[in-house]
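Order of writing sets the chain letters: A, B, C and D. Residues in each chain are counted from 1.
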Amino acid sequence: MIVRVRFFAHMAQHARNLAGPHADNSQIDVPDALPLADLPDLLQQRFPGLPWPTSTLLAVNQEYLPPTYLLRPGDEIAIIPPVSGG
Amino acid sequence: MIVRVRFFAHMAQHARNLAGPHADNSQIDVPDALPLADLPDLLQQRFPGLPWPTSTLLAVNQEYLPPTYLLRPGDEIAIIPPVSGG
Amino acid sequence: MPDFHFSLSTDPLDPARAIAAVTRPEAGGIAVFLGTTRGETHPTLGPLLHLDYHAYPEMAEKETRRLFAQAADRWPVLAAAIHHRLGAVPVGEPSIVIAVATPHRADAFAACRFLIDELKKTVPIWKREHYQHSARWQAETTDHVAPGK
Amino acid sequence: MPDFHFSLSTDPLDPARAIAAVTRPEAGGIAVFLGTTRGETHPTLGPLLHLDYHAYPEMAEKETRRLFAQAADRWPVLAAAIHHRLGAVPVGEPSIVIAVATPHRADAFAACRFLIDELKKTVPIWKREHYQHSARWQAETTDHVAPGK
């Protein structure tokens, strides 16, 4: 199934360098009902060498969700490295 | 000796009502070296019926001073009812 | 000693002026407090129309500077400003603006909070509450010593 | 639910606008926080020139509204405004303005402090530090999982 994956900050920069100018916001084919917890490994295979801060969080459809969430077609998953707004 | 005594807020209004338009800021004759602690009684005799909030403080020359302070000629004593700025 | 800016004025307060007075390149946070006249209705005196502030100006400045010096001792204050309005302050308008700049935000909040809390305890400024049917000094509503005592 | 005003913009922030957005006749206190770009010098990268803020805008607004709802549950908030600047923010200028109005001041301070503290933990906005000799994302400077892990 197809989901959208978005990267931010230095992760976005590295994703573009590794896989082209739109790689920070692109559609990706993943197994049906993939648990959110399994997405990081899959992304690190797709983007070898992508830096991954230890406290990176995952959001689905603009909301932080637990790792047990099962992805659905069309979900927008954001990879959120440590934030630094304010 | 002569000192200056200033009243504020409702005490000023009452002092003027009791003793004339300048009574909230006037010169008063007091015994030499009067302890600050003795001034309230003396003022309540001079201004009979003057309302006196229980937590009124005394300042001398724009500074809160302890009751043991001995007044000097020319001191400006302010009678400070509970403040309500801010 | 860091910069301290104090003013008493019957003009409406401009928070932007207090903020500009404390803005520094070394600042990471600026905490600002505005005390505003809260509209309320007294059961017998009717709606509050405005507050009327009076000061013992020479001492108000001296005492506020003393509080600022205490704050600057306790927190790494870069600059602070306290602007208090006198005379009539209508409902919804600020009677006081306090701005404090520090390198880090926790100190700005703490010092700003300290300044307003202490100012309300010791700085010689008094408000008179003007309700529709009557006016009274805030200080009148506190306990008084028995007459003749 | 009380009023909440949120904006992301590359224009310079105007604290007076945030204050006006929360001013209410029922307010007794307005607490305001400005986070400003602090000038500092890195031992090898040189002086900081500006910070460059990027957001995941749709989620930044959603997440900030969630924090506001939490604040409104805990304190009697009349209105709040959070304006965050994006793009380059030079030294001394604010990247964020938060204003909170409540009937009494302690609640305004507490809610304002809560909003900035929580925003810094969870709202998806990132800064890139532009030094004279180099630029880097703040997030780059944190721990990373080992490559290949």
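In this text, contacts are C-beta pairs under 8 Å (C-beta built on N, C-alpha and C of every residue); 3 or more make two chains touch, one makes a residue touch a chain.
These numbers come from a predicted model, not from an experiment.
> Determine the groups of chains connected by touching when subunit D is not counted.
The remaining chains, counted without subunit D, group as follows: A | B, C.
> Report the inter-centroid distance (CA atoms only) between subunit A and subunit D in whole Å.
Averaging C-alpha atoms per chain gives centres 24 Å apart.
> So what's the Cα centroid distance for subunit B and subunit D, whole Å?
Here the centre of subunit D sits 50 Å away from the centre of subunit B.
> Cα centroid separation between subunit A and subunit B, in whole Å?
That gives a centre separation of 73 Å.
> Taking each residue of subunit D in turn, which ones touch at least two of the other chains?
Only 35, 116 qualify.
> Two or more other chains in contact with one residue: find those residues in subunit B.
Within subunit B, no residue touches at least two other chains.
> Which two-chain combinations touch?
A-D, B-C, C-D
> Touching residues of subunit A toward subunit D in the complex: what are they?
6, 8-11, 13, 44, 49, 51-55, 59, 62-64, 78, 80-86
> Would you mind writing out the residues of subunit C in touch with subunit D in their complex?
14-16, 19, 23-36, 38-39, 91-92, 94, 101, 103, 105, 108-109, 112-113, 116
> Can you check the complex and tell me which residues of subunit C touch subunit B?
Answer in residue numbers: 35, 53-56, 58-60, 62-63, 84, 95-96, 116, 119-128, 136-140, 142-145, 147, 149.
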